[in-house]
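Pasting a structure here, questions to come.
Each chain gets a letter, A, B, C, D, E, F, G, H, I and J, in the order it is written, and its residues are counted from 1.
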Amino acid sequence: MQRVELTEKILDIKREKDLTWKQIAEEIGGYTQVFITCALLGNMPLPSAQAKKAGAMFGLSESEVKMLSEVPMRAPDTQMPPQDPTLYRFYEAILVFGPALKETLHEEFGDGIMSAIDFDLGFERQPDAKGDRARITMSGKFLPYKYHSVSDDVQQLGIKPT
Amino acid sequence: MQRVELTEKILDIKREKDLTWKQIAEEIGGYTQVFITCALLGNMPLPSAQAKKAGAMFGLSESEVKMLSEVPMRAPDTQMPPQDPTLYRFYEAILVFGPALKETLHEEFGDGIMSAIDFDLGFERQPDAKGDRARITMSGKFLPYKYHSVSDDVQQLGIKPT
Amino acid sequence: MQRVELTEKILDIKREKDLTWKQIAEEIGGYTQVFITCALLGNMPLPSAQAKKAGAMFGLSESEVKMLSEVPMRAPDTQMPPQDPTLYRFYEAILVFGPALKETLHEEFGDGIMSAIDFDLGFERQPDAKGDRARITMSGKFLPYKYHSVSDDVQQLGIKPT
Amino acid sequence: MQRVELTEKILDIKREKDLTWKQIAEEIGGYTQVFITCALLGNMPLPSAQAKKAGAMFGLSESEVKMLSEVPMRAPDTQMPPQDPTLYRFYEAILVFGPALKETLHEEFGDGIMSAIDFDLGFERQPDAKGDRARITMSGKFLPYKYHSVSDDVQQLGIKPT
Amino acid sequence: MQRVELTEKILDIKREKDLTWKQIAEEIGGYTQVFITCALLGNMPLPSAQAKKAGAMFGLSESEVKMLSEVPMRAPDTQMPPQDPTLYRFYEAILVFGPALKETLHEEFGDGIMSAIDFDLGFERQPDAKGDRARITMSGKFLPYKYHSVSDDVQQLGIKPT
Amino acid sequence: MQRVELTEKILDIKREKDLTWKQIAEEIGGYTQVFITCALLGNMPLPSAQAKKAGAMFGLSESEVKMLSEVPMRAPDTQMPPQDPTLYRFYEAILVFGPALKETLHEEFGDGIMSAIDFDLGFERQPDAKGDRARITMSGKFLPYKYHSVSDDVQQLGIKPT
Amino acid sequence: MQRVELTEKILDIKREKDLTWKQIAEEIGGYTQVFITCALLGNMPLPSAQAKKAGAMFGLSESEVKMLSEVPMRAPDTQMPPQDPTLYRFYEAILVFGPALKETLHEEFGDGIMSAIDFDLGFERQPDAKGDRARITMSGKFLPYKYHSVSDDVQQLGIKPT
Amino acid sequence: MQRVELTEKILDIKREKDLTWKQIAEEIGGYTQVFITCALLGNMPLPSAQAKKAGAMFGLSESEVKMLSEVPMRAPDTQMPPQDPTLYRFYEAILVFGPALKETLHEEFGDGIMSAIDFDLGFERQPDAKGDRARITMSGKFLPYKYHSVSDDVQQLGIKPT
Amino acid sequence: MQRVELTEKILDIKREKDLTWKQIAEEIGGYTQVFITCALLGNMPLPSAQAKKAGAMFGLSESEVKMLSEVPMRAPDTQMPPQDPTLYRFYEAILVFGPALKETLHEEFGDGIMSAIDFDLGFERQPDAKGDRARITMSGKFLPYKYHSVSDDVQQLGIKPT
Amino acid sequence: MQRVELTEKILDIKREKDLTWKQIAEEIGGYTQVFITCALLGNMPLPSAQAKKAGAMFGLSESEVKMLSEVPMRAPDTQMPPQDPTLYRFYEAILVFGPALKETLHEEFGDGIMSAIDFDLGFERQPDAKGDRARITMSGKFLPYKYHSVSDDVQQLGIKPT
């Protein structure tokens, strides 16, 4: 059984039962809707309590429930650059703003990255008289680059302008 | 003169004068630091008042000042997938969360996209006892897909689950 | 069930019943022939009234009818550059005229894009003594680029030469 | 001398003299603004009368004027998929609507292509209360596919459903 | 049913019945052997009289016969660059002689292309004492580029050196 | 000195002296116009008698004349797939007809290839009431595949249907 | 039936019957082990006497035996660059020594290629005190490039330094 | 000034002065030889004390010294897959062992990654009677994946089998 | 039977029986856990004693057991660059440190490579108060490049700075 | 100075002095002509005695002589797949015979590779009445794969069928 086949099965049942991701997330509980959607689409594992609830909801076998809790091979079939317009806009934001974000991040924090692992993602509708907006918030821990010093008594991480 | 040569010149002078993007943005004024950085790196035009200030700051010729206000060919040399780790983390966030964001967006708003044009980008440092975080906020107007109806009296945009 | 399998089924039945897209579009109604074709090929959702008619016409299951109304992952298998000569000519037109269109659009409207979402597409036969022509009309809302100003009282969108 | 260097020179002078494409096209005359822009950017030759006017306008050498009239290697540096958002929207329209256009074209005309050579391109601003639109009209001669018959007395071109 | 499955079926029956393309082309009739081979491999539609004969010859269903007459998505699986040596040699000829052919074509005809649609292809064995040769003749209608003049009374096509 | 710089120099002088490939080929002599064009563009060496004539015609240094006679690295910068429409049509002909040509060649000659080395290329204008045509003739020696037999007394080349 | 499925079947039976390529090649006879392996893997046709023996050995149907004798589409699924380390080393040898081999070949033979069609391949174990070696011998007929002379009485092939 | 030009300058001086990386690292001090090499090649910033020493050693301008301390765009020109055999072997190790490392890491630590930022790299010669070995040690902090819980009082990181 | 199907079967049984790689490696024995994982995932052969134990553990057929001992086509489906974040970090380490490792290796050993064949891989958890670390040790035999001398009495391998 | 500029300089002088690779190799001495050509083209270092002779022969600076002895970044600009026909034939031989060579190598030696580092390359002209042949001999040390056993007292390398 491949993870992608399990995703297809879950989507088939979601369609047949006329479920929304909101309903699914509320029933499974404990995590945000975006996270649970991400897990059911195969890019995150579901903790086992949640996987069991998902199993009950979608009528999955014990083996399929276990698969939901396995650390997956993430994004194996994601097409890059994305050809779907909704996905492409996120990609385009990186094309246009990525280099400026890099400069800004380094100036503020020094040398390092914004973690995509210790990372939160928020999604909300932002009402606006000129047309509602989608608001995506990404919050990642800043991780300073380790510099390999010869003496370990000084922990040497990142460069920060003074 | 190519836009990329102007960027190189600006970065050379920024280095020689020991300027930070923060100082540059404050002196040029009117726009956020990320936006002004983005413009000086060549992915946004600078409105002419700001371009003139930038010209004074960096000692640019009149022709170079004009070029700063031209609509640029955006992201002509941006490497995708990015090989720089700082940039890659943004790319990776799309790989992992992109499909779930698409599902969430459509369930909330119906068929359409989050604009990357009528789009705001916020960047801030988020103090955290376990290590400060970078917080990036993207807010884009939701644009419903136009469906091509035969009669124009009904404006047919997007599908929204009821 | 994958969307591409549903497309294959629809094309099989269209062939067996000797239907044309014109007949299909007339029976389903409400939208242009190009739009309905686009939806049945999997790149647009069909509004539910139309999806039900399509279901009746092609003998689809309830689940398949629902799938027709889902926002699809658009263009997942579209090959780029296209190897089919009919598709390639559209692609070639962008190669040859794209840069000039970009210049013209910016000079006329300022900085921004022609939306491919709030977008109409017309197709018609243009009789011509030297050989009939195909005439494709694309009309997209102009979307000015948002510039990120520090004070929100001034809505800063696009640059327009004066 | 490479054609791309001549383009860069023309853009430099356009910037220095504060010219618009509209002014340039009017001065050069005889062809549409989009066509003349396309030629000066290097994707079309300028007929020699027009090339001479362009030479006078931009102060070009005789050799550069001749180069403007040469059939160019078209689109040698055009990046595909385009990373510039304005160009990408045209590309995206093909991704989303291309397959439906192919079906529509074949149903209306039979087997063949819409020529990208015997091809007109119109661009205009379409005023609209909800926001002005860009309207691009492409009109190409339909060319039926030649089928290779054994006897030449019957000219066998394209398949047309009856 | 996908077109590629029909091709596989036809090749299976050709093998079982020990048919040659020559026999097939003679039985189907009306078109050259190369054309009929091209159609049965899926890159050309067969006119309906010929499709019916092919249906009888290969024992195809009515639906399969119709599919043979549909305008196909051409070359969907053709690998480029070709890894098969026989195909690669044609590709290599373009690599080596393509730029010279472009120069020659433009000098003889002016600006335009040799059509690959209104196009004949001949194949023959050329006896030669030093080893027989394959002789491929491609004859395509020259199509002059349309230049977009502002007044339509002058048909402006192609540039021709005088 | 790189071969591509010599090509650029030759094209500059050709433009300045208002030469056609026909005039150049006649003056250099001995080979077809397509061949001499191909050599001057850098994809074939010129035999030394011809290289000397070319040197006189274009005012080349002795070293440049020698370079014209060197076996070049062929097609180092040729873009594939070609983005120039004139070149693309040749490429498209392979996409559409390549597989059928392969079948035809093997049925006629057995297993092997049409040589692209022992290869002739003819180009001519074919007058036609419905519009003149370009006619390209490729004639390549058939080379049967060598099968590696254990005993060398039998030369084992190609498979030929009987 | 696709050729790749036949290969899979042959490898399954080879595994079940515990056969080595050496045993298979001896039983089939007439050709070298490398050649027969190459043919059974789908990159060469087997002459019909050998195909019949292979059919008996592997229990193939008549249709499968015929397929073994068909000229195949060679290397359709070969991944380049190879990700398998054994295959990669051959690829790497071309990367490192290819340009020097090209220079050496041209200096020795003049302009042309070493045929990969009229080509022998030897493989042997070379005992060596420091560790046995694999020795691969490639012998290909030198094919001089044809130059297209205007008069056919002089056969003009290749350039050879004197 | 581009970072790659500074690297070229440093390598030129290293060659002229006959320096080894070991000598350079000892003179600059404070960090391992691999780290300092990495920084001088442009993939790490040098802390400013070290950058000054490097400036003295290589005779760099003040601006070049500053550039050495800037956070660089990492790996902008690194070719992947690497064509250099020494680099390729590292790449190959990931191809062959990567999936097993992923499984091992997840089984030991749960869901997460080995950081390439908080990361040490050791290199040493390992004497061995059968031939000395290179020993590369990579030590990266394990970073558990953050799961987005609805209540923030429980920090939800990674999945760990029990 | 394809090797990838066998891997899928093994993973299915591992999931059903709730096995860890640690348990599997202990039961199969003789090799490290990483190696056995690598073999069961299809990138290494299992020696026959171990393959038999694996067969018993997973209930494999005799033919499947044999397949486990076959030298596999390694990494046939490994996606590069990896889109999975865990795998990507290894890839990134090569991007950032690869060139410095190359310099270091050559300075220490001279011209040659670190073998990825005569290669050991260690994996261990490294407890650390600031967060445990993963430690990967790669030890490969140094292989000096062979230089092709004209007289074989001098074995000429690698260049080593003195 | 980049290595590729030194290659260009050497080729310029070779052309001016009318040298052949044979003369160069004889003068430099000690290594085969293919090896010395390979080194001068930038894919191998020249031992210092030979580099000095090359320096004298080509009038190189001391720094350039040193660069000839540096371990180069090999094959940085080699285009793959090669578009030059002479190079392509070597590439094609791998496409067609690679998989069979892999099978043969493993059956003869067990699991491992033919080294491309401890590797000899011979080139010779093979007179033949039917046309002379080029004969390339590659001899590489067989390197058995290391299997990672838990106890080091048994050296576990490669799998060999018995």
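Everything below uses one rule, namely that a contact is a pair of C-beta atoms (placed from the backbone, for glycine too) under 8 Å apart; a residue touches a chain by one contact, two chains touch by 3 or more.
Note that the coordinates shown come from a computational prediction; the quantities given were computed from them, not determined experimentally.
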Practice prompt. Over half of interface residue numbers shared between chain F and chain J means same, under half means different, so which is it?
Written response: different
Practice prompt. Rounding to the nearest 5 degrees, give the angle of the rotation that lays the CA atoms of chain A over those of chain F.
Written response: 180
Discussion item. With contacts counted as defined, which of the two, G-H or I-J, has more C-beta pairs across the interface?
Written reply: I-J
Worksheet entry | Centre-to-centre distance between chain F and chain B (centres being mean Cα positions), rounded to whole Å | 48
Practice prompt. Express in whole angstrom the distance between the two chain centres, defined as the mean CA positions of chain B and chain C.
Written response: 27
Response to the item:
When centres are defined as mean Cα positions, the distance from chain C to chain F in whole Å is 42
Response to the item:
Chain-centre distance (mean CA atoms) for chain E and chain H, in whole Å, is 53
Item to complete: Would you give the residues of chain I that are in contact with at least 2 other chains, written as numbers and ranges?
Response: 34-35, 44, 71, 73-75, 78, 80-81, 83-86, 92, 95-96, 102, 106, 112-113, 115-117, 119, 121, 143
Worksheet item: What are all the chain pairs that meet the touch criterion?
Response: A-B, A-C, A-D, A-H, A-I, B-C, B-D, B-H, B-I, C-D, C-E, C-F, D-E, D-F, E-F, E-G, E-J, F-G, F-J, G-H, G-I, G-J, H-I, H-J, I-J
Discussion item. Under the definition above, what is the set of chain J residues touching chain H in their complex?
Written reply: 1-2, 63, 66-67, 70-71, 73-76, 78, 80, 116-117
Fill in: Partner chain B, residues of chain C touching it in the complex
29-32, 34-35, 44-45, 47, 69, 71, 73, 102, 106, 110-113, 115, 117-121, 143-150, 156-157, 159
Worksheet, complete the sentence: So, in the complex, the side of chain A touching chain D is made of residues 81, 83, 85, 88, 92, 95-96
Response to the item:
Residue set of chain D touching chain C in the complex reads 20-22, 33-35, 37-38, 41, 43-44, 74-75, 78, 80-82, 84-87, 89-109, 112-116, 119, 121, 123, 125-126, 128, 130-143, 161
Worksheet item: What residues of chain E sit close enough to touch chain G in their complex?
Response: 8, 12, 15-16, 18, 79, 83-86
